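Chain nomenclature is as follows: A, B and C, assigned in order of appearance, with residue numbering initiated at 1 for each chain independently.
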Amino acid sequence: MLKDITIGQYFPGNSVVHRLDPRFKIIITGVLIAMLFSADSFIGLGVGVIFLLISFLLSQIPFKLMLKSLKPIVPIILFTSVLNIFFLEGVTIFKLGFLKITVEGLRTSAFMIIRIIALIMGSSLLTYTTSPITLTDAIERLLSPLKKIKLPVHELAMMMTIALRFIPTLIEETDKIMSAQKARGADMESGSLLQRAKALTPILIPLFVSAFRRAEELALAMECRCYQGGDGRTRLRQLHSSGADYFALGLSIVFFDLVLLLNCLMG
Amino acid sequence: MSVIKTEDLTYTYSIGTPFEKTAVDNVSLEIEEGALVGIIGHTGSGKSTLIQHFNGLVKPTSGKIYIDGEDIWGKDVKIRDVRFKVGLVFQYPEYQIFEETVYKDIAFGPKNMGLPEEEIDRRIKETAELVGLHKDNLYKSPFELSGGQKRRVAIAGVMAMEPKVLILDEPTAGLDPKGRDKILGQIKEYHQQKKSTVLLVSHSMEDVAKFADKILVMNKAKVFCYEDTPDVFKRAEELTQIGLAVPQVTRVFNRLRQSGIDIRTDVYTTEFARKTILEYLAKRGESNA
Amino acid sequence: MQDKIISAQNVEFHYTNEFEEDAPVKQVLKGVSLDIKKGEFTAVLGHNGSGKSTIAKHMNAVLLPCGGKVYVEGIDTADEERIFDIRQRVGMVFQNPDNQIVATIVEEDVAFALENLGVPPDEMRKRVDDALKSVGMYEYREHSPHQLSGGQKQRVAIAGIIAMRPDCIVLDEPTAMLDPKGRSEVLKTIRQLNRDFGVTIVLITHYMDEAAQADRIVVMDNGVILMDDVPREVFANVELMKKIGLDVPQVTELMYLLEESGLPTDTHIIDEEECTEALLKILKATPHN
């Protein structure tokens, strides 16, 4: 069922990680990504992974949930590892026909797999512990200096908010329209690709019509509540940074420095 | 013979999650061919889920549904054919309109049935007239029409499939009294012309009272009762207890009885109320004479 | 003239067709004059297309009159500079609860207008909490709107307006898309705001039972005001109401029918208790013969 789709993967909780200022969380995630990409040895990568594991344990996110977030990238992992294992030149340990496995290949693919998994876990951790709306909020505030160069930061954030607000509504609506057309004998399951694409018309047109109607009504309702763009707006939710936020950021920078240091030592 | 028959029909959604809920609970029901039935119940009473079982949009968790004596989830039954037999008009059906012209939109269902052109043409003209759409409107874009007209186009689209059973989910939602009476009248007219079975889901006791021969009351996923209209209104007290509002005149007649007047209480329309009062006075006149 | 919140003076309105210059102009409002007094609960009753929603949209400068004037607490709605003053004084709630909620969390939606007006965060917090409490939705402040029922969503929308602390709220068919439970929730909220907080209410509706709860009913038909009186007087005109496609309470209709049958009754009856008493009088009276 379409209804089962959830947007974002926020996992409500009250852990230290949940409570961090979202602006800091975004920056720290950035630092983590930099760490993972700059590490050029297993030890360096290990430092990044340790930082990730500490954050993960503190967040109290169930391990199962984390595994779920990795599921969609399994094909990518398989693909990169196959490429690396079989096609990298080096000391051969196994050979079958034109396929050969090399030490270098194994090493590189293990390195890549750890890096990809850590990247996904890191960004999932951000979305698991921060609701989409808080995330939008934080992005708006982080980007607000860009208003000076005429980037419509507020408008973009407003668009994101409205999209998040209306996605469940439109999904429900799609479900309803699909049932209604099925009741009129619409056949969406059989036929050639072209026929199936054509069979979508009775769903897409009503959906667009309705989306436009909603947009129009929403705009009117916003005007009636004195919406006049981003200028002079205040916010109900204030973001406060505390000592914990600076500590967490500091910690991530220390880990990053460690990775860089290891790079120099090993290099 | 009953046209719709269910045996221990149960539907539970989100099984195995914290949101697990039984929407239809052990419903065994027989609806006679040609009946005009009102279905009433709260939001969440299971009435919407129940009607979606009748044309195979929802597959039961357990239990059976027979349409015309045929098990619709049986091995050799194509579910699409079931949908041609049991037409379902959803709530706010005007939002499913998509074609360039009213004519084409009404044709969508009959076309899916694979009917010949002339037959489709005949049906479109017939149903358009039935729901009071002017011939000139047939070649207009449906999006140019008023809200009430759009709704009638959408209803005509299902009527034109000439299903054995026509189910309408709140066809009068959001309409003003005039629009409401018009659509209810047209549905009744269709019922009389086609001699088909019609099921009407409604929140309004008054509408159902005026319209239906029998009433199915759903409460908490179960059938509360399925009886002839006057018999249902005899149970005004029970209906009030499960939170369904009975018509104002029914409440007045119950009050009269409580005040010691020996008068019937299965009164649910104003016309019937007048008749009852006049009969009462006439009878008393006789006994006094 | 301090006690007049809204004053419409001979308002005329028609939509202009931007695509066809010679298209016939359909006059929606044909000279409507209406004063709304402070603290009053007024219902505007009429069928679809009677002009009732159009006059409502003039009350906070969503539409500007083509002829005549509208003043909100003395401010001419045509004065563009003061549009936000007007909209803070007269808030508006619309029909579809889904299409007027902007934020993904209830309390943030209620804060939306205040954020736009630049209210400081501390004061905003207090006003948002007060507004949510006054509509009975405080416990739901951290919910997401799509988890709420229609009636609850509509109450959130009302809270979003209340937070602006307007003197008057105009509600444009706020219950048309709700089930009976949602309708009664919303109506109860409206009455409470009027009674306990002295908010002036203008309720646009086609449900006569909602209008019956107002202090005053304005009946619109075909772009003009047909009647403007207390509910009892308005509904007593059973024939006229039916003619323009509106309902009257069942009890009023019953009285009318009995009067038609020659019984001594009065159509100035709008509730069950009065009706029961009037009927008891008739039924217990000693017959003439």
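Keep this in mind: contacts are C-beta pairs under 8 Å (C-beta built on N, C-alpha and C of every residue); 3 or more make two chains touch, one makes a residue touch a chain.
Just so it is clear, the structure is predicted and the values come from calculations on it, not from any experiment.
Visitor: Hey, what chains does subunit A share as contacts with subunit C?
Guide: B
Visitor: Check B-C against A-B and say which one is joined by more contacting C-beta pairs.
Guide: B-C
Visitor: Taking the mean of the C-alpha atoms as each chain's centre, how many Å separate subunit A from subunit C?
Guide: 45
Visitor: So how far apart, in whole Å, are subunit B and subunit C when each is placed at the average of its C-alpha atoms?
Guide: 30
Visitor: What's the distance between the Cα centroids of subunit A and subunit B, rounded to whole Å?
Guide: 46
Visitor: Enumerate the contact residues on subunit A facing subunit B in the complex.
Guide: Listed in rising order, the residues are 173, 176-177, 179-187, 201-202, 205-206, 209-210.
Visitor: Could you list, by residue number, the parts of subunit B that touch subunit C in their complex?
Guide: Subunit B reaches subunit C through residues 42-43, 146-148, 173-179, 203-204, 206, 243, 245, 247-249, 251-252, 255-256, 259, 261, 263, 270-271, 273-274, 277-278, 280-281, 284-285, 288-289.
Visitor: If you look only at subunit C, which of its residues touch subunit B in the complex?
Guide: Listed in rising order, the residues are 47-49, 149, 176-177, 179-182, 206, 208, 245-247, 249-251, 253-254, 257-258, 261, 263, 272-273, 275-276, 279-280, 282-284, 287, 289.
Visitor: Name, in rising order, each residue of subunit A that touches subunit C in their complex.
Guide: Where subunit A meets subunit C, its residues are 132-133, 161-162, 164-165, 168-169, 172, 213-214, 217-218, 220-228, 232-238.
Visitor: Where on subunit C is subunit A touching in the complex?
Guide: Its residues touching subunit A are 60, 62, 84, 87-88, 91-92, 94, 96, 98-105, 107-108, 111-121, 124-125, 128, 144-146, 157, 160-161, 164.
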